[in-house]
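Everything below concerns the one structure shown next.
Each chain gets a letter, A, B, C and D, in the order it is written, and its residues are counted from 1.
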C-alpha cells in the first residue's frame, strides 16, 4: 500500500536516515518513538509537507515521491486537529470536496453518512471554538474521510484530548479502522495506546527505524535495550553465559532461559508482571528465588514491588489482593519466580 | 497545618465556591480534578498570588489570609518550573535565601545537602535552557526546599515531563516527602499518579470540593458518579431496589450487594478488575453470570473484555494469560462473576 | 493581569509627566479655536481641498501598499528567502530616515540627469510637484506600517491550517484565498489604517517633493509661518477630526459581524 | 518556514516595485555626492553642530522616555488599570498626528496667555525656539516607539517568573529589579534606538517649535530651499551615516556577552 525505500530527509538540526517501511492495505500501523525521534516529521514527509531529500515513496506501487501535497490522496489529521476557525462544522467537513471529482450529490451522501457515523448531528452548525476536544477530533476525521483517502495519517491522535476522553477516542479510531476498512498510519509515543489500536508498527529513534513488525512481537520480543525500555520491560541487566544459564554480570545469580540466547546478545529483561508471587502450594517456576521486599508502591490496582536477592533488585507488579492476603510489607521476605519463557535477551 | 474555611474566589469567568480543606502535618495531599476544575487556582490562592475573595486561610493556626505572597513561608513549584533563565542553577537555588533570615553559612550547608540529595552536582553551573525537564524539576525543588517552607505546593508536577521520566520524578517526590518530612499539597488530574504519591486528597469539580479524605477511601468508595468515573470505576448503571438486591433499571438483571445500600443512592458501579473470569473448579462468586464476549481489546498486559448478559454490558479487565489459556474470543460465551463487596452504590 | 499595588501606583506616578505631555498640548490646541473660527475655516475651499487631497492621496498610497505589500508580507512571514534579513531591514528603513531626507532621496532618483528620472520623464511621469510624487513619498513612509501589521497577522495564522488545506486537496494559491485571507483581512484593514495615518501625518518629505499641490500638513505649516499659531490651529483641529472619523469608520467595518472569535 | 515555490516567486514579483521604491532612491542619493563634496560638508562647522545637536537632543528625549516610560510600559504590560485602553490609545496618538500639528499643539500649551505657558515662563522655561522645546517635541514623537518596544519586552517575560520570585520571598520591587529588568534590558536598548531614530528623523514638528537652534533635518531643508538638491544631499548622507554607526554601536552593546539564550 505505502512503502518507503531508502528515504532520507535532512533538516539543519535533524535528519531521517535510510528509512524503509512497508504498510499493508488495512494495516493500523504505528510509528512509535519518544519526543524528538522524528516520527511526526516522517508523517509530514509521507504527506509531502516536508519533501524527502532522497528515496522513493510508493503508494499502491505508484511512485508519488515528487507529487505535491494535494495530489497524494492521503489524509493527515493533526494533533490539534487544525480545523479552520472561520468555517462551521458543515463547511469544514465539505471543504475538501470542491477540489476533488466529487459530485454535489455524492458529497451530500458521504456527509450524511459521516455525520451519523461520527455523531456530529448536533454540532453541524457550530464553529470550531465552540467544540470540545473530542468533537474537534471527530470533525477533523470527517473532513478527511469524506475524501475517501487511500491512507489516513494520524499525528498523536489522543495527546491533545483530555484524558477523560481517551477511551472514547480510542474506540472511535478502532471503529473507523474496522468499519470503513481504512489503512491508517498513526504516530504515538504511548505504547499502551499502540497496543490497543495497532496491528503493525515501527520503533523510531533519532531519525532511524529500530525495529519493525507485528505490534505483539515488538511488545513480546523487543530486540534492543531501547525498545525493551520503551515497551515497559523492566529488570534489564547485563549477563554473561555460564553453561546454559545466564549469570547476571557482577553477581552470582543465575537465570535459566527457555532456549540458548543469541551469542550476540548481552542483556536480559523480564516484564515485571511476569515475575510471579509464589503462592504456597502452587507448582514452582523454573527460576525461583527468595528475596527481601525493599519497597512497595501503589500504581492503581497493582502494586510495584522491589525485591532483592543475592544483590540483584527485581521489580514485580503484583495484584493488591496478594499483598493484603499474604500480609506482604517492606522488610519481609517473599518467594517469587518467573517461567523461563519470560526471560528475554537482546 | 493548612486549613481553609469558607473560602471563595470570584473571577470574571470562574469561581471557587465555599471551599473547606484540612491538610495535616506531613500529609501528601492531592487536589484532584479535570482540566478547568479550579485546582491550580486554589493552589495560587493558598500561595497568595490570587487573593481569596472571602474566607479564612490558617497555617499552623495563624490567620495568613491577608499576608502578601512573600511572607507566607509556603513554596510553590510551577508546572513548568519557572526557573530564572538568566541565573545558573547555583544562583537559581540560592535566590530566595537573601530574602530570609538565613546566614551565609546555613545557606551553604543547605545547598550542599540539597545538591547531593537531588543529584545536582554536575549541573550547578549550567543555565536553565541547558537542562532537561527532570533536571529543571529538581532545581525548582531545591530552590524551594532551601527555604525550609512549611508546606510545598506542587502544580501538576509530572505533566511537563517526558513520560520516560515520570517514574524517576515520582520516586523523587516520594523521597522528598519521606526524607525531608515535608507537608506537600499537589495538584493533579491523573488518579494513578495520586494513588502512588498521596495519602489524602480532595476531588474538585467546577470550583467546588466534591469529596475529601483518604486517597484509598476515595479510590475504593467514590461517592458520586463523577468521582467514580474519575477514579476508573466502570459498569456504572442506575438501579432500583428489588427486595435486598439491586435490579438494573430497564432490565431484569439482579445484583446482590454486600450490605443494603443507602436509600438515597441511585447508581451502582464495579471496578472492571473486580469482575473475575470464572476459572472452572474455583468456588463461585455470589454474583455469577454467563455472558457473550462482545469485544476483547488489548491495553498492555491486560485485556479489556466486554461481556453481555441479559442485555447488560459488563466491562472486565482480565490478564492476557487467561485469554490464551481458555481460548476466549469475541462471540464465545464466558462465565464470570464478582464478589458482593465489589458492588458500590452512590 | 494583576490588581494595582503600591508599586503600581509608584510607577504610574513616575509616568505621569509623559501622559501630561501627550494629552495637555492636544487638549489645549483643540479647545483654543472658537466655534466661529472653526466654522469659517471649514468654509474655506482651499482648506477643504487640502484636507481632501491629504486623505485621498494617503488612501491611494495605502491601496498600493495593500496590493503590492500583502504578497511581500506573506513571503516574509512564511517562506525561506535568501537575504530575508536584509529585506526586513530595507522595509524598516523608512522609519529610521529623517523625513526631509526621504524627499531628497526620491528627488535624487527623479532628476533628468539620472537614468531612471530620464526614463520616467520620457514616459510622462513627473515626480517633482505632482500628485504622483506625493503618493511615492507617502507610500515610502507608510509601507513599513502596513507590512509589519499584516506580517504579524500572517504570523498569527498557524502554518498547520494551510498545510491542512493542502492535504485536503487545495493548491497553494487556493489555500491563500480560502484560508489565509479570511483569517487575516482584519489585520489588512488595520494595516491600511496605520499606513494611511502615517501618510496623512507626513510633512517633511512631502514639502520637499511638492509644496504644491498643497496637502493639509503643508498648508498648516504655511498658515503658521505666514499668519501665526492662531490661524493654523483650526485647520489642525479639522484635519485631526476628519482623520479620526475616517479611522473609526474603517475600524467599525472590520469589526462588523463575524461569527467566530479569534 | 517553507521553501520558495511557484506562488512564492509570484508574490516576490508582485512586491518587487516596493522593494525598488525603498532602495533605489537611497542608493542614488548616497552615490550622487562626490567624495570631495562629502569632505567639504563635514568640514563645515554648522553642519557638524546641527548633526551633533540632532543626535544629542534625540538621545536626551530617549533618556527621558527610558526613565519615565519604562514604569508606564510595565504598568501597561502587567496591571489592571481603569481606563487602560484609553491610556494605550493616548500613547499611540503621536503616530497618528500630522507632524506640524504636533508642533502647533506644543506651542498652544506654551503660549503666554495659556495658564501652563504662563507658569512655565514664570519658572524660566521657554519652549519656542529652545532646546527644551525641541526635546519636548522629540519626546512626544518618539515615546510610542519606546513604550511599545519595552511593553512587548515585558510581555515576553512570563508572569510566572515574577510570581515564582515572590513565592521565594522577594517583594514586588525587588522582583522587578532582580528578575524583570535583567530579562528585558535588551528590549530597553532596542526601545532607546527606536525612539532616538524616530526623534532624529523628525522635521515637521521641530521646524514649528524651533527653526533655530537648527537640527540636521531643518538644515537639510534650508539648504534644499536655498541652494537646491545638490547642496542638501551631502548633509543627508552624513546624517544617515552617523546615525547608522550610532545604532550599530548600541546594538553591539546589547548583544555583548550574555550566558543564556532567550
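Keep this in mind: a contact is a pair of C-beta atoms (placed from the backbone, for glycine too) under 8 Å apart; a residue touches a chain by one contact, two chains touch by 3 or more.
Please read these numbers as outputs of a predicted model, since none were measured by experiment.
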Distance between the centres, which are taken as Cα means, of subunit D and subunit B, whole angstrom: 54
Approximate Å spacing (C-alpha centroids) for the pair subunit C, subunit D: 17
Approximate Å spacing (C-alpha centroids) for the pair subunit A, subunit B: 25
Interface hub residues of subunit C, defined as touching at least two other chains: 3
Graph class of chain-chain contacts, one of line, ring, star, complete, other: ring
Chain pairs in mutual contact under the definition given at the outset: A-B, A-C, B-D, C-D
Residue ranges of subunit A in contact with subunit C within the complex: 44, 47, 49, 68-70, 74-76, 78, 80, 82, 84-86, 88, 95-96, 99-100, 127-129, 143-144, 147
Contact footprint of subunit B on subunit D as seen in their complex: 158, 160-161, 163-171, 174, 178-179, 182-183, 258-262
Interface residues, subunit B side, partner subunit A - complex: 34-35, 162-164, 174, 189-192, 195-196, 229-230, 232, 271, 273, 297-301
Parts of subunit C lying in touch with subunit D, wherever the complex brings them together: 1-8, 10-12, 14-15, 17-19, 21-26, 28-29, 32, 65, 67-69, 71-72, 74-75, 78-81, 87, 90-91, 93-102, 104-109, 111, 114, 116, 136, 139-140, 143, 159, 172-173, 176, 194, 197-198, 200-204, 207-208, 216-217, 220-221, 224, 229, 232-233, 236, 239-240, 243, 247
